[in-house]
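Take a look at the following structure, please.
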Amino acid sequence: MPLSARNRMRGVVKAVEKGEVAAQVKIEISGPATLTAMITKEAVEELGLKKGDKVEAVIKATEVMVSKGE
Amino acid sequence: MPLSARNRMRGVVKAVEKGEVAAQVKIEISGPATLTAMITKEAVEELGLKKGDKVEAVIKATEVMVSKGE
Amino acid sequence: MPLSARNRMRGVVKAVEKGEVAAQVKIEISGPATLTAMITKEAVEELGLKKGDKVEAVIKATEVMVSKGE
Amino acid sequence: MPLSARNRMRGVVKAVEKGEVAAQVKIEISGPATLTAMITKEAVEELGLKKGDKVEAVIKATEVMVSKGE
Amino acid sequence: MPLSARNRMRGVVKAVEKGEVAAQVKIEISGPATLTAMITKEAVEELGLKKGDKVEAVIKATEVMVSKGE
Amino acid sequence: MPLSARNRMRGVVKAVEKGEVAAQVKIEISGPATLTAMITKEAVEELGLKKGDKVEAVIKATEVMVSKGE
């Protein structure tokens, strides 16, 4: 794994919604969870992201928060 | 769910490593995946995070990247 | 406080502007300051954010910069 | 204001804690709130940050989350 | 330099594309590289960003990842 | 390019400084600029980052700010 980002999760694109500049990608990861990514529309188009694609969600460790308790 | 952050994943704290200011928390989420969070040591202490705690990893959608292809 | 994010500021929603994917929320916090958040439109709709809502702005410590001098 | 970051809050440095690489700065902003920033130790030293300094906390809008409800 | 953000790169605005809320700014930095920034449309308008403007890209150190190998 | 992050800059590692949890990596990119990354010490060790390594700095577009004027 050549990138310093600590977190990678395999999943499948469930939905891609493009705005004029931003885009939202829903990724179904193993188990019941779904991840939401807000990335540039440009990235969606360059990667050719579409429903059904096998992808990885990549997240830098400094961006992960922890919640505990009710 | 009262927070705008789109992503929450339930998991169990596997390891907590504290530096002087930063701290690293490993969270085993369902399936084989493990998430790494870099948060303040202060947060680790206020939440009393320790191995075995049931927690949620919380991630804002703007922080999630997507990787596709090999 | 169950979330590791170190910063919470109470305020009132002053304006919500939705794009197709992104949304901008203006939050008047105590004092003359106003905070701007760019979050997903989906989050705005799930939280039902509208002008006048009492909310909290939540910010992870790793995202705060410090400026000093003129 | 020459920076695109939407959020600036004036405050006073209450505490600086340096790790080996990271550093934590507590900033008392007007009202009862205190902000926590995790920045590089290098930045703390280049800015000469110390208790009592008048500073501004600067936060990009994409990093602000919104919490609503109890 | 009064801001704790560690990274500044001088460049020239090559393109500005505005969505309803978000905006994308392409910055040609010295050498062949081009940086892409996603910021609020509001910031684009307040700074009056347009093609040909001399600007600086500013990036907090906690947001920079490192990739190595093929 | 398989990752949605819009920004990649080739460079050479100039310095690596490890704390207990965080680590700072200085990357000399082409031209006179140097980038600073704060990443986990774990990532530094897994990538085997050391002075002289050819690397890329990778930055998500939502993390880039723009500064204009004096």
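Labels for the chains are A, B, C, D, E and F, by order of writing; each one numbers its residues from 1.
Note that in this section a contact is a pair of C-beta atoms (placed from the backbone, for glycine too) under 8 Å apart; a residue touches a chain by one contact, two chains touch by 3 or more.
Fair warning: this is a prediction, and the values are worked out from it, not measured in the lab.
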Labels of chains that are neighbours to chain D and to chain F: B, E
For chain A paired with chain B, centre-to-centre distance based on mean C-alpha positions, whole Å: 16
Distance between chain centroids, defined by C-alpha means - chain A, chain D (Å): 29
Inter-chain centre distance, chain A versus chain E - centres from mean C-alpha coordinates, in Å: 22
Overlap residues in chain A, where contacts from two or more other chains coincide: 2-6, 19-22, 24, 36-40, 42-43, 47, 58, 60-63, 65-69
Pairs of chains satisfying the touch condition: A-B, A-C, A-E, A-F, B-C, B-D, B-F, C-D, C-E, D-E, D-F, E-F
Chain C-facing residues of chain B, complex: 1-6, 37-40, 42-44, 46-47, 58, 60-62
Chain B-facing residues of chain A, complex: 5-9, 24-25, 27, 29-31, 33, 35-39, 43, 47-49, 53-69
Chain A-touching residues of chain C, taken from the complex the two chains share: 2-5, 19-22, 40, 42, 60, 62
Chain A-touching residues of chain E, taken from the complex the two chains share: 17-24, 36, 38, 62-63, 65-70
